[in-house]
Each structure stands twice: as structure tokens, then as C-alpha cells.
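Dropping a structure here in C-alpha cells format, bear with me for questions.
For reference, chains read A, B and C in written order, and residue numbers begin at 1 within each chain.
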Amino acid sequence: MRDDLASRLQALEDREAIRDLIARYGPLADSGEAGDLAQLWTSDGIYAVGGMGEAQGHTAIAGLIEGVVHQKLMQDGCAHVLSPIAIELDGDDAVAVGYSVVFRHDAGEFVVERVSANRWSLQRGPRGWQVHRRDNALLDGTAAARALLSLPVARRRR
Amino acid sequence: MRDDLASRLQALEDREAIRDLIARYGPLADSGEAGDLAQLWTSDGIYAVGGMGEAQGHTAIAGLIEGVVHQKLMQDGCAHVLSPIAIELDGDDAVAVGYSVVFRHDAGEFVVERVSANRWSLQRGPRGWQVHRRDNALLDGTAAARALLSLPVARRRR
Amino acid sequence: MRDDLASRLQALEDREAIRDLIARYGPLADSGEAGDLAQLWTSDGIYAVGGMGEAQGHTAIAGLIEGVVHQKLMQDGCAHVLSPIAIELDGDDAVAVGYSVVFRHDAGEFVVERVSANRWSLQRGPRGWQVHRRDNALLDGTAAARALLSLPVARRRR
């Protein structure tokens, strides 16, 4: 019974840790903390942004934040707002799906810059839960973006 | 003491299950998985969309996703982004309130198509937590939409 | 071991209580429940809105909701949509960071009225977790807004 309680507690802690990890992405991106942001990923982690290729490893992922495109966005004023996520736990692996919406300040107004499907593959290791791979794709009507949202959910409900 | 821990754990698990259930709505809607989406509801569940009537039961709710309006939205590119929710647990019943924001891709840009108040009535049954009734209303200044947001919160704070 | 389980459970309950507290802000604001909204704060709590000064105490915070600016927004139709938050627990204190996005209904469409960084300082007292201070700042490119997002995250990752 005690073991049962402990394993149920562990599952909740895992979900909480994953939720917290993903909730840190936006604040780290929008405050420009490139090094801390990269540490959300494993050392061989991948951030695949649809249409912009893949960044692999901490240096490359930090480079996305340090690069001119993101720095210009920060100067304008931006918010990377991530939605609540649905999470599938599977031992030391997990998948989470949700959305990211980027708002940009432009001439005194806020515009919706990007709306993307997000699929996160996460792993538990010596440093706790980290992102192994994040796939983003603009929800612009393409089947590829919709596919990012469909996998883990379908797996669970069947 | 062990029973106390177990009941506290159960309450957290209930809240987590409800949060996860609601977090699945958007990804299922935007990937067009009508059948799986309908299974979020009980077999007699209702989805009441302000100004568009009520859909009751799995076939009718799946029909909202399979219908021409939603299919057109998916072709354009859309995201049904649901906010975090406030949850009131009451045994095998629960109420949750929050927001849904629908973004649509239009001529290379993203527009805010709809912003709605959401009130969810949930029930725990043999298949776990499911939606018994979801009420949506556009936040367009009408008192009915505001009322959806006010009930469970007021109940708790008094 | 039982104590260990109890303290782990407590930490999850604390995080859940804080998440729920913050999820109530939007629904209370958008349904105009000024008194209940103010009770989210401690009696000496502060709501500091960048560029608009600070409101301290329940009467002053309720006044923000009862004031003409907010009442006009409600008449137009509005949604104060708060993002998921990253939370740092430290005993009876906590810090949470996230975003708030205000949508306004305007001539049949929804516009993005404000996008702000939010930093919450929370305290546990006899009435449970309450907000001690909330700082908001428009993400308009100013360093002050970015700074609100950077603190607790940086503290944790080091």
C-alpha cells in the first residue's frame, strides 16, 4: 500500500516537473536567458522548428535565442505564451502536446506573430526531466502541423 | 493517517485528470480526431455553444468536428488554445472554468477568431473523469458569457 | 518514509493551490466580482501594474475592477487569459512567473489589448496561499518587463 501511494505520488511529481519545465520556456526566451533556456534540453536535445531546420545541443539551442531574429523580437517586445499541455507518461519517457503563441509589440499594438503546434519528447535522467526533442510547426493548414498534435492523444484514447 | 494521505493524493489525481482531459480538447479538435474528441464527453454529454445550440451525445459532438465549418477552419489552419482552468471538486462531480481562444490562419497572418468563456461540468464514472456538459459563450459584452465564469469561483470563496 | 510521502504530497498541494489561485484571477476579473477577486490577495497585498501605479489592500484592488476603465472593458467584452506559470516554492513563500493576455471585443472582432509579464509573490497564511504582490508590465520591449520574467527561473537553474 505504501508502495502504491509512492508510485502514485511519483506519477504526479513527474507530471508536475514536466509541466513546470515547459512553463519555463517562455519566460527564459522572453528575458533572453539563452544559457538557462538551453539547459531545459538534454545535452543532445533537438529543437526542430518547422521550416527553419533543427538545432541540436545546448550551444545550438542557445544560439536561437542569441540570434538576430530573436533579439530583434525582444527589442520590439514579445511573449512566447505556451498553452497547457496534455502529457503521456511512459516510465522515464514522456510526450506532451500543446500550443505556443508568439505575440509581438508593433507600433503600440500587439500582434499575433505565430501560432504553432508543439510536440515535446521528454526524458528523465540524472538531471531530472529534460526535453529530448521539441517539434514546432505553424498551424497554417498543413497536415504536418496537425500531425504533431494527433499522436500521443490518439495513443491514449485507444 | 495513511487514509488521509490516500484521500489527499486522490484529490490531486482528480484535479490532474480533469486538467489533462481538458488539455486534450484543443489538440483533438485541431487534428480533426472527431471520434476521440467525442469520447472526452459522457455518452449523454452536452456541448452547448452559445448561439449555435447544443450537441448531445458522441455522434452529435463528433459531428461538430466533422462539419463544414470546422473542416474549413482546419484547412485554413487553426488552434483551439484553452487556458488554465480553476477547478471545484465535489466528490464524483466537478466544475471547471476557463477560456478558449481560437486562432485562424488567414492570408499569411494569424487572427483571433473567437474568445469564449468556458464552463465545464465533469463527472467521474467507470471510464474515469468525463465531461458531462461544456458551455461556451463569446465574451462579447453579454451578461450570459460573464455568468459562465462567475459561478464556481463565487461558491468557493464564500 | 510516511513523513517523506507527506512532505512530497504537501509540495504538490502547495503548487496546486497556487496554480488554482492564479487561475481564478481571470474569471473573477471578467465577471466583475471585485470583492472575491481582492480576496486572492493578503490584506496588505499589492497589485503593481506597470505605468499605472500600485493598488494596496482589498479595497484598492477591488477598486481596479470597479473602476471605469475595467467596467468599460467588461461592457465591450473582455478576457483576461493567464498562461501556465512556473512556480518556485520556498516554505511558506513562493514566486510564480507567467503571462497575461487581455483580449477585447471591438466592433464584432477580438483584438489583443495587452500582453504582460506577470510576477507573483505568494504567501501561505491562516487563509491558505494568497498573493502578497503581483507585478505586471507590458511586454513592449522595455527591460523592466523582461526582468519580471527572469528572476525566479534564474535562481532555480543555478
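The rule we apply is simple: a contact is a pair of C-beta atoms (placed from the backbone, for glycine too) under 8 Å apart; a residue touches a chain by one contact, two chains touch by 3 or more.
The chain lineup, named per UniProt: A, B, C = SnoaL-like domain-containing protein.
Computed from a predicted structure; not experimentally measured.
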Rigid-body rotation angle, chain C and chain A, from Cα fit (steps of 5°): 120
Numbering shared by both copies at the chain B-chain A contact, with half separating same from different: different
Distance between chain centroids, defined by C-alpha means - chain A, chain B (Å): 23
Contacts with 2+ other chains: residues of chain B: 2, 5, 9, 12, 83-84, 112
Residue ranges of chain A touching chain C (in the complex, touch as defined): 2, 5-6, 9, 12-13, 16, 19-20, 22-24, 26-28, 30-33, 36, 39, 74-79, 81-84, 103, 105, 109-112
Complex contacts: residues of chain B adjacent to chain C: 1-2, 5, 8-9, 12, 15, 83-87, 97-99, 101, 112-115, 117, 138-142, 145-147, 149-150, 153-154, 157
